[in-house]
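In what follows, structures are represented as structure tokens.
Shared between the two complexes below is subunit A, which has subunit B as its partner in the first and subunit C in the second.
Our next item is the complex of A and B:
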């Protein structure tokens, strides 16, 4: 057949279709958002008052329920007086796309509300640092431990049962404890990222290590490799591409703990920015900040994927993509 | 002598003289009363029972037997990858205690290190044993040339065909200059044509290199084509049935497939491995399906 069908089980699509669908996966949600925001009859449950008329508690720019507006309008109509005027609108928590796009830019140009506040880019940088240190510290311990546990049964039997138990304890539950031990600034936040990532990391990496074809170790042994050298010369290079893939997934995991972590102690980073903006009802800023986390996350992952292809030229699955 | 009555035991003078010379060479590998018992929850299973044989320097021995005869267990014990329950395995008179570079191994599955280039794969054993990388590289290139893959030295294993991968595996094992090369059905996963080429290639290598080869296969033709002697094992428990001296003269080629010696040897192997009496009680017989006709009676294909 010349072309593959759109729905052939486990068959890859031609590149142009893949690209089309990848763009579509982003365009589609944005399109739905646009429709809900700009087409009045789709949702728009509120009315934005432009002229309060004779209704005493209405004010210009005020948002009221469609039903309330209708009731007041009817009251004024029967009792006489200036009719209130307004247009259909969405609730304040759903800003239209163009407002959020605008906030994307103005977020960086608006100075902080208070004197000791932080600019948006400073908040973001704070968050990235927390992620970086949390993930780095976790990896420094978990990667060697995972590889050892995957290689030597004794290490696995000693550590894995406890880790298996500990990973069910929700990381945020340690928030108060972390503050008591590590103070209110960066310490407890990094600790939460660490707790959230570390235990999964050990288990995932030990599992990856175990998946290395044992025949490779046997081949190395018959070539005169000593048991001590196996780890460095066979196990580690053998699992490296998979280990790298695991780390990419786990880094995404670390981001999911960021918001909880930053609420612990003194609120900081992008979470501080989001809660501040939500308090002032600047929801377009809130959306912009959330989107920035997504863009940073996806961006890092794409860069790492690209780097992985160059680092591991022998790795077939990565090169096939 | 006509084909039908040729005896696999009768050897031409040249073949006989060759065997006499071969047996005067030093013994490389000696297996004495080897036993292997697996212990499991269901009890004990004897994989190998009282296996004994000797191989001489530069001899080519094939091990053949029905599935479950323990031929893979045997070669893994020889390589030091598995323990044994009783008996002795002596290499140059010294007992085998674990894997070592004096016994090279080529596996059925492809076991090249995927993260290393072809050249680095061949260099691996040398470097693990302390050779400088420059010297190892020179050695490796020499052996790559022997297997005809010098042009692929910088390729990664996943870029090679199955036959090429096994050639690299052979070079990787031989570069260590082992006393014996153990090959566990190395061509089992290859297509018929490639396998043929690899057999001829292996004989070429063996002719030019001072190495003793122990080769496991389930292909009778392959065993006769390659071996000086064939060790025939039987299953449950794995025991030596016969050690056959192959009467087919050397140099060998596929053209000898229909010579009387070849046919006689093959007939003997067939009789040993698939004895006519045991077929009736064989598992294959009990699962023989009852054929229901799904086509029109008149619609015959034969």
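Our next item is the complex of A and C:
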């Protein structure tokens, strides 16, 4: 009985179990990370030198392969001399969770080192603005176009073939062009987010519009509605909850273009922080910054989902509980 | 009724968006006032940060705005005509010019003095040991030139090694993978390669051929001719910067400012500064005298020019008389 309750095909679980699993989905990867980081025999392929001993090229805090350390240790043992000392460690690109947590905190509390530098929260705010404008401008055009294309075949036939073609062109490829046209500040960055989002957005929304039950349109047309009224009173209200869900997914899509967008023009936003820290191998800061993006993204999505439930109380899939 | 209010709201939003976009455009036009210089993460260029934070440009009465870029992005912005000047190597100044964005080198900020290296894996003790082996570096960039220069001195030539095209920031991993005998990279990548492969050593560096790689401030010729007085002031500020960094009394403060720009601790930044030989205006003057060989910017740039043509980076040799303007440092 118990197992059928946990694994019943396409049956929703009771709320407490759902919550448990949702927490588990985050705890599980963190647990694996902790195990790999804190239990030495699981992985730890490197040795961090604490005392170089008689090995001439070793230095304190240097990371070497376990095999290299072993070989040098044996050489010193046979030849005599001070033995090198070190402890097992993971490669530099896998910092332990507590280091990342620490970096997450100190990232926000460290004042900018340069006079014209920015606090971390200011950098994040820059990134959020780039996403906001890119997504807003894209939506302003793509949503109406998508709805029209989904309703009228003529619009769809005129625009969609080209959009289908264009969506395969990688947005970052337009970087230099965007700089030439839009300058070096936010303009080209917003343009990359736009290019990365727009074409998918039109297609997804036109597809969503096409899924609207034709019986509804037929009924309205039978009652003699005009074209404009059909859109305003039937099509748009009919697809609104799905449209909203699409937009939530597409907003996440826009975030994935952030890093390439911010590499264009002047270094700015969270990307400046990530690339600069990665260049000098401060990976705990890199992970912390990636984590921040994830938290902002998930946070926004949760808020939007909550808002969606209140905006569209009639929408079944969002309210299946 | 809710939908109609939604539409008015939407219209308002649209109007506001157009307004904001318009304002943005106006700001761009207005921002054309200060001279814009693009700089990036190399000690000889980060040095400008000292002048920025000390307010020396304002003191000199010149309106300058420095914009921080990734190196490649700074060249893109300059090529697109969005900034008035950019800090690059003399070789890349030529490449940029060949691509259509003509530029004039007015200051030699420094030459690489060990930061660029060919790093051999353990057992490779000199360039001679590379015979018949694989070397990973980015074809056409300065490390390629560095290797060829070294091979020639070691009595070898390019055919004696096989070059594997490897992006500079991936060279540490490439050397660690064990399939290459050596890599060519600049700091911090070269240092990282040595950290990652215990026993790996630099077998040839830019310190062995000072002047092979000069770093310069290069200016859009239009800006140089229309705002010559401003550029003269900027050149003067550079003199002040080098004095401040070289003076043992003020060096700690300078290093602190520079390390802050790149997000490092001062102590961690010092080695990078040591691998760069900053040039005072007086030294710059001597370098900017026409001569053959690496002691002269002309000589060095000629060698890079030949190299670039030979490797098809661009087709026609560049006019070096137009690419270098010595009159500002000599004023």
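Note that the second predicted complex is superposed on the first by the 307 of 321 C-alpha atoms of A that agree within 3 Å, B and C clash if a C-alpha of one lies under 4 Å from a C-alpha of the other, contacts with A are read in each partner's own complex, and residues count from 1 in each chain.
Throughout what follows, a residue touches a chain if its C-beta (ideal position, glycine included) is under 8 Å from a C-beta of that chain, and two chains touch if they have at least 3 such contacts.
The structure displayed is predicted, hence computed values, not measured ones.
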item: Fit or clash - subunit C, subunit B, common subunit A; value: fit
item: Touching partner for A:117 - first (subunit B), second (subunit C), both, neither; value: second
item: Partner chain(s) touched by A:234 [first = subunit B, second = subunit C, both, neither]; value: first
item: Partner chain(s) touched by A:57 [first = subunit B, second = subunit C, both, neither]; value: second
item: First, second, both or neither for A:169, with subunit B first and subunit C second; value: neither
item: For subunit A as apex, the angle formed with subunit B and subunit C - C-alpha centres, to the nearest 10 degrees; value: 140
item: Contacts of A:67 with subunit B and subunit C, given as first, second, both or neither; value: neither
item: First, second, both or neither for A:218, with subunit B first and subunit C second; value: first
item: Comparing the two partners subunit B and subunit C, which touches a greater set of residues in subunit A; value: C
item: Contacts of A:312 with subunit B and subunit C, given as first, second, both or neither; value: first
item: Nearest-approach distance, in Å, of subunit C Cα atoms to those of subunit B in the combined model; value: 9
item: Common ground on subunit A, meaning residues reached by subunit C in one complex and by subunit B in the other; value: 233, 237
item: Partner subunit B, residues of subunit A touching it in the complex; value: 213, 215-216, 218-226, 229, 233-234, 237-238, 240-241, 312-316
item: Parts of subunit A lying in touch with subunit C, wherever the complex brings them together; value: 57-58, 62-65, 68, 112-117, 136-137, 140, 175-176, 179-180, 183-184, 186-187, 232-233, 236-237, 263-267, 272-273, 275-277, 279-282
item: Complex contacts: residues of subunit C adjacent to subunit A; value: 3, 14, 17, 24, 28, 38, 41, 49, 52-53, 67-70, 73, 76-77, 79-83, 169, 188, 192, 195-196, 198-199, 257, 259-264, 268
item: Subunit B residues touching subunit A - in the complex, by the definition given at the top; value: 79-81, 98-101, 103-105, 107, 109, 111-116, 124-125, 128-129, 156-158, 169, 172-173, 176, 182
